[in-house]
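One structure, as structure tokens, below. Some questions next.
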Amino acid sequence: MRALMEGSEAIAEAAIAAGCRFFAGYPMTPFTELLESFAKRLPEEGGACINAESELEAIGMAWGAAATGARVATGSTGQGLSLMQESMSEITRAEIPLVVFNMARGQGDYFQATRGGGHGDYRHIVLAPIDVNEAVDITQLAFHLADQWRHPVLIYGDYLLAHTAEAVAIEPRSAESLGGPLPEKDWAVDGSLGGSGRSRNLNPIGMEKGSKGIDPDRFWRLLQEKQDRIEAAEQRFEAEHTEGAELLVVAFGTLARFARYVVRELRAEGVPVGYFRPITLWPFPGQALAEAAAGARTVACLEQNAGQMIDDVRLSLFGSGLPASSVVSIGGISTDAAGFGIGPLLDTEVVRDRIRAALEGRAVDGVLGGPIS
Amino acid sequence: MSVEREIFLTGIGGQGVQLAAKILALAAIREGRHVMSLGTYGGTMRGGNTDSTVVVADGPIHTPPIVSRGWSAIVVHPQYWEPLRPKLRAGGVVVFDANLAADGLDAGVAAAFGVQASDLAREADAGRAGSLVLLGAYCGLTGIVSLEALQDAMQDAVPPYRHQHLEANGRALALGHAALSPAHVPAWEDTA
Amino acid sequence: MSQVESRGTVVIAVDRCKGCELCIPACPPAVLSMSVDQNAIGFAYPELAPGCTGCGACLLVCPDFCFAVYGYDEPVLHEEEDTACAP
Amino acid sequence: MKGSMTHRMKLDTANPPAQAARQKGSFASGLQLTTDHDLCPGCGEPVALRALLDAVETLGLAQRTIGVVGIGCYTALTSMIDLDLIQALHGRAPSLATGAKRMRPDALLFTLQGDGDMVNEGLQEVIHTAARGENVTCVLLNNGVFGETGGHMTATTVIGQRTKNTLEGRDAAYHGHPILIGDLLAGLGGTSYVARGSVHDAAGVAKTRKYFERAFESQMRGEGFSFVEVLTMCPTGWFVPTKEGPGYLDEVMGSVHVTGELKVGGVLKRD
Amino acid sequence: MKGSMTHRMKLDTANPPAQAARQKGSFASGLQLTTDHDLCPGCGEPVALRALLDAVETLGLAQRTIGVVGIGCYTALTSMIDLDLIQALHGRAPSLATGAKRMRPDALLFTLQGDGDMVNEGLQEVIHTAARGENVTCVLLNNGVFGETGGHMTATTVIGQRTKNTLEGRDAAYHGHPILIGDLLAGLGGTSYVARGSVHDAAGVAKTRKYFERAFESQMRGEGFSFVEVLTMCPTGWFVPTKEGPGYLDEVMGSVHVTGELKVGGVLKRD
Amino acid sequence: MRALMEGSEAIAEAAIAAGCRFFAGYPMTPFTELLESFAKRLPEEGGACINAESELEAIGMAWGAAATGARVATGSTGQGLSLMQESMSEITRAEIPLVVFNMARGQGDYFQATRGGGHGDYRHIVLAPIDVNEAVDITQLAFHLADQWRHPVLIYGDYLLAHTAEAVAIEPRSAESLGGPLPEKDWAVDGSLGGSGRSRNLNPIGMEKGSKGIDPDRFWRLLQEKQDRIEAAEQRFEAEHTEGAELLVVAFGTLARFARYVVRELRAEGVPVGYFRPITLWPFPGQALAEAAAGARTVACLEQNAGQMIDDVRLSLFGSGLPASSVVSIGGISTDAAGFGIGPLLDTEVVRDRIRAALEGRAVDGVLGGPIS
Amino acid sequence: MSQVESRGTVVIAVDRCKGCELCIPACPPAVLSMSVDQNAIGFAYPELAPGCTGCGACLLVCPDFCFAVYGYDEPVLHEEEDTACAP
Amino acid sequence: MSVEREIFLTGIGGQGVQLAAKILALAAIREGRHVMSLGTYGGTMRGGNTDSTVVVADGPIHTPPIVSRGWSAIVVHPQYWEPLRPKLRAGGVVVFDANLAADGLDAGVAAAFGVQASDLAREADAGRAGSLVLLGAYCGLTGIVSLEALQDAMQDAVPPYRHQHLEANGRALALGHAALSPAHVPAWEDTA
């Protein structure tokens, strides 16, 4: 049954369908909306939603709840996500499955999301849905991947995703349909093993019970190997009209819907443009992008920031023979007075102009922030 | 690609605009359409305009939620109408409250239809439901959804603690629906 | 007919008023009451009847900075009419 | 009810009086740049702000004052304040004030924060600043809700108080207990002056202004940390009509966060 | 001084007694995996840890206990604890305990934190957890210093206490005032049981263990937040000889952070 | 007069020579050492050093102190820096000059340092000294650049830098010698302008006195333009033996000293290797690197992490015609049991082996974390 | 010569002892004293004289888990020698 | 490139090793040399070995602070000597406390010189200053710095609250300096 839901409601429903039973957060637009949806629904499902007193406490609560093996989510927006970086980094090292919603104000947090804003070598799986329907799928997938890899998964959403209402049908997905059976949570800490000699310490620093100190080699190497495996296994993307495209537009998240719309329009008009969207921002689908861009003269990055994803595009195309000038930015910083990220770039007419300009080798400007290169 | 019908709703304060948008979206779902809508407020709790965009289609919607060019508009209050006008397509249709825009409404390349919405709302005993009158009128004019679907959707959309308004709301929708020539500007080709 | 003395008066920036009515009970002699009309931004606003003491209470409580308060050098007398009305 | 009512004469309030009169109070504080703002009808925050500005003006400290402002509805008021300001992040104002004061020991340093800002996000900051005896004045506008983000409960919301997520009133068993931050701070070694005012009526506003003056004087004497809490109406967050705001504030919040001076000259008191 | 002294007989202490005897206490708690650790000679933290583990064992809760550990010298002791543990970041343990408790309401949840961890970095966490009335037990090992990072002053260091950066003793005027965290928490609405022990002598250790038991019992009855603070020696951070540690602790810290039960069954007391 | 000083002492002395009068921090090895040095010296100079109760408070205090126009520094290590990310991001937007010491445990925080671990589009100037003597110069330069650009400057140090003692001479450098005269601090908030109608609000959100709301276009555009200017103007690097080098080793910070040592040795032996060191990690000296690498077959990145700087190397060489396989990593995660970052990679013998292996196209391993690619 | 009764005894893991001396004053009958020799890790350690009561105080205060405590089923008697010594 | 002389110092606990390293470094500065040194401890406050490396050169030092191959070592206590041995170069020199390593010391490719350092320290009335005896001996053997520079540097290195030890420390350095053949293994070619 399809029902009309705003993104924030649909995501909460999808999370609950995926078995999420704990949520904690601190209000901040547009994350507040998600928090409200969870606060309303989780108690009805026998779960708990805590209005934490700050983002630091929210992610701490999520950490503790997830450590017991429950499916758990938290999140925030901008400033709040920045505050969580210390924990994000260390939760990754403690190998705790957790879903984190970054309900961002625009796309300026791409670096933070994909490189980890915290300390040390770590990456989160980052999924960026294009619309509410995909967010429903991706939310369920996120819980699956988190459990599969014992790794935090970040969902990169925004104001548009939280507020757009769509007709959606939410049905619990089986583990099989999401990638296969999941490992047992035999690492979880439920309190039952005290005094047995097999009690656990779920920790981010590789400390082992019964022995002093740690073996950093083994600890770090294993974590890095896991990340390498994730990188190989979990790249996801969407591509359209790449055959014969002279120009390939690359965009992610809700902004990609503007790009896809325009590319479809232009193609219908016979203009040779293609469209590529990373669904996983990390691992970035570099191989697929290189293939999609194989025939193109120009790769145009549409992102709502000063140029961040463009690095991953260039890294993916490194050594492909494309000259430096062939990868251009057609996005830019673009925001509204409230700072919610609803800027003038979110306009198919503007996007259309910029794609045409890139195709014709013209400079574009006139929109906030301007193009980057 | 599917036929997509975009409806801009604009007004000030209150919840009339958002409610009307929600009823339209719910009614369209009832009739098996694909739907997307996005409401925008001032951002914080305090003041500002209230707009909403609804897209109804006979297949998956490919328009993004912020719509640059649209087919139609419902103008509950003309205060924030200006920036919308250039977004209307030729062949588009605008329904407005003729009580509030007594001198008519410049709809640019679109065709404008005035409805004495405030008067009709009072007649329906639903003083603040001008938006519903206009919604009814718009649906009558375009046949985008049926009156029955509208009425049912309205029942779903109104929260329990406002159920005392159900009847008057229903009358407002019906009076509006009857106010303009039925299916004069059909939304769907097959319903023309 | 009764005579009322005003020891002070107020200037009210009615177009800034958001109609919250906080000034009404704050006025010790109760000489403020809300208008029937609306101002430019759609709110009722306070109106002054004779009897203001210039105490400044309205100024202290108004969130929208609508009051300037004056003390008359000499009290001003107003004639006021009591009207019995059947609604 | 039928009866008799008084149709009173309406006086001209559009113009300054024609008769000889002296202005006893102008629209705005002398330290205000503008009078327009977007805060809700019946909000208590502009009222408290004016009391603060008037106190600074009265003490003649305008030219040596630095305000550090948190994030909440009151942040929008910074555009009207004619004082040097530093905008802090949500919760962080007391530390900024600390740093600024150390570099400008002769300046009056105050923070302006809401309950969400100070008692939720930044609780630790204000307590440490107080315990350290930092010679600054922290100001709390306490309405028991996150006004700006939609009116949810904060750590000061009293039992029974309505907020967006406690529409039936805060329930101790489910939502926990409020923190009486003024009392808590008064109990610390480093605090010299602590008072709690309320803007629910004119007398409350006048008292609040006195508290500001005393706190600032204490700071200028170098006595250590001072604190002024002000209970403010948030009819929007409480879902009450604007005109019922003051009464609700006084009864519901004021009965728990009791107003008055809590500590003077480093000595605990209740008046 | 010249005089007479007793050259006493040395008994065999390498082997269990040959005569009939029953063991009254073994080297380690039954919930300890090992006995070796790298903490300094004369450190009070292992002593406090044992009291805690003994309390869990006595109450028969070993199989339903989750500990959440902060970052400090005591972190190194986690390798010897035979209980399910979650390692938290510096300051963040109370929130982790909150989350875990909500998902495992039948488990005993305790945190193990130092004063730097709890009263400096994570002050806000423990206060909010307490005010929320979260049904967990927070445990503080209070030595008045950041032991792990070299012995600097913390927010609990008492006036006059020696630390690495207060070699002449903490000076209120320069370093501010200590926070008496136990008293502060006892004053909050959400707390049910609050006690402060000390491991400066055997009786103190025995009492501390009782406090742990009472706090855990309170939690298992679902009474809300409980708290056990333990004063522990840090001869290294204080720059005192190990054998003077207990006396220094009792005189200097114990006279300010006064030991005893502060709140029982939600009612404030001093015994 | 040269005196023997550990890095932590020398840096504090250099900062004081540069006019720094406020420092705040929270202990964490190896940042603690710096904090102790400032705590000892600043009061003697009429400044203040506060042992803040947490890193959040430390950076807040630094923010407030710097807002008054004083020269100010703070910093931390790993976890602590992560906690500061929210403030780091917003201090940049508020255009507050501030020097931040990241006394890292290894080089795993390169991404955080160079991409900003916080939210939004911002970059800090990041200076990575190779040794104590350079740290003395760079510390003074950092205060200069911070004031020149009204921008935070990060100094990336580590345990080695903090603990190595060298003979150093610390002399205050004139503004001229550091790049030219500095603009007046007419933005600073000293409290003197109240009631004048010209009072200031030093803020990260573009709010203006006297008018409601902000003009996000102007605000964001100006900030981005400034960052573009910094990027063009402030690239710094060191290069040796690049002429005729078949292989170019790229390394930064204290680890680069191992690389430079080995390259000099190898060159003395006639092996055609070169050495390139970014001194500014942002802006990354991409043009200079491209020139240095022009004749090389292989560019070998030596960094003590899972591969972070290598992105900037590839981005710098994008479109240069070098095939993808020509940029390799010869570093890797490498740490000690205490986690201080003193891992087995810090060994000229190991570095030598790896450079030779890269030159000969052999795979290398056997050291913690292994090479990345 | 005097006779001393031990109601209990302790086993001391001397090689773990870090010589902190906390056990010395903790022992109520004062039957523990520090050795002159050093253990494997370079510290003096406690030695037991007759008179232990098996009270367990030493065990409670020792940070290095050096004590196991036993209570004798029957008290054990020791002969002890007092020696006057000129240093 | 300049001549660089690396000195590894190793021992356990106490401050003897770090103090000796500091004195050597300060003495070298007094003689116009370039100097770098790095001490390593267990990491936390608690226990472990204590090592230090000093590099003295006649020009700017290009060796990194963690030295993989070195010229010489001062072994204050042999406990942590093993991992250092392979780092010594052929032609290198090791000075050790023959009281503690009674059976001699396997110095690998380097030449080992035993000194009765503990005995000499006691003779100097500075029981815990075996490290200074060894430092004196090392400097005597290599001439890396003069005894005068060492004595002056020692005065600078000892903190005020330890000044009661200055005299005994000085004796320890001097006794050590006299213990081995002067300049038998010269550090600098021109001093050979």
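Every chain is named by a letter (A, B, C, D, E, F, G and H) in the order it is written, and numbering of its residues begins at 1.
The definition used in the following text is that a residue touches a chain if its C-beta (ideal position, glycine included) is under 8 Å from a C-beta of that chain, and two chains touch if they have at least 3 such contacts.
These figures come from a predicted structure and were not determined experimentally.
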* List every chain that touches both chain E and chain H. => F
* Structure fact -> Contact-pair count is greater, between F-H and D-F, for D-F
* Asked: Between chain D and chain H, what is the separation of their C-alpha centroids in Å?
  -> 66
* **Rounded Å distance, chain C centre to chain G centre (Cα mean)** => 89
* Where chain A and chain D are represented by their mean Cα positions, the distance between them in whole Å -> 40
* Can you list the residues of chain E that touch 2 or more other chains? -> 36-40, 89, 120, 122-124, 128, 150, 155
* Structure fact -> Multi-chain touching residues of chain B, meaning two or more other chains, are 44
* For chain G, residues that touch 2 or more chains besides their own -> none
* Using the touch rule from the top, collect the residues of chain F that touch chain A in their complex. => 78-79, 81-83, 85-86, 89-90, 104, 108-109, 111-112, 115-121, 205, 213-217, 220-221, 224, 227, 305-306, 308, 311, 314-315, 317-327, 333, 335-337, 339, 343, 368-370
* Structure fact -> Residue set of chain A touching chain E in the complex reads 21-22, 24, 48, 50, 52-54, 56-70, 72, 86-87, 90, 94, 189-197, 199-205, 207-212
* Asked: Which residues of chain F touch chain E in their complex?
  -> 26-29, 32, 36, 39, 51, 53-55, 79
* Can you name the residues of chain B that touch chain A in the complex? -> 1, 22, 25-26, 29, 34-40, 42-44, 61-66, 68-69
* Once bound in the complex, which stretches of chain E touch chain D? -> 120, 122-124, 127-128, 131-134, 155, 172-173, 175-179, 183-184, 187-190
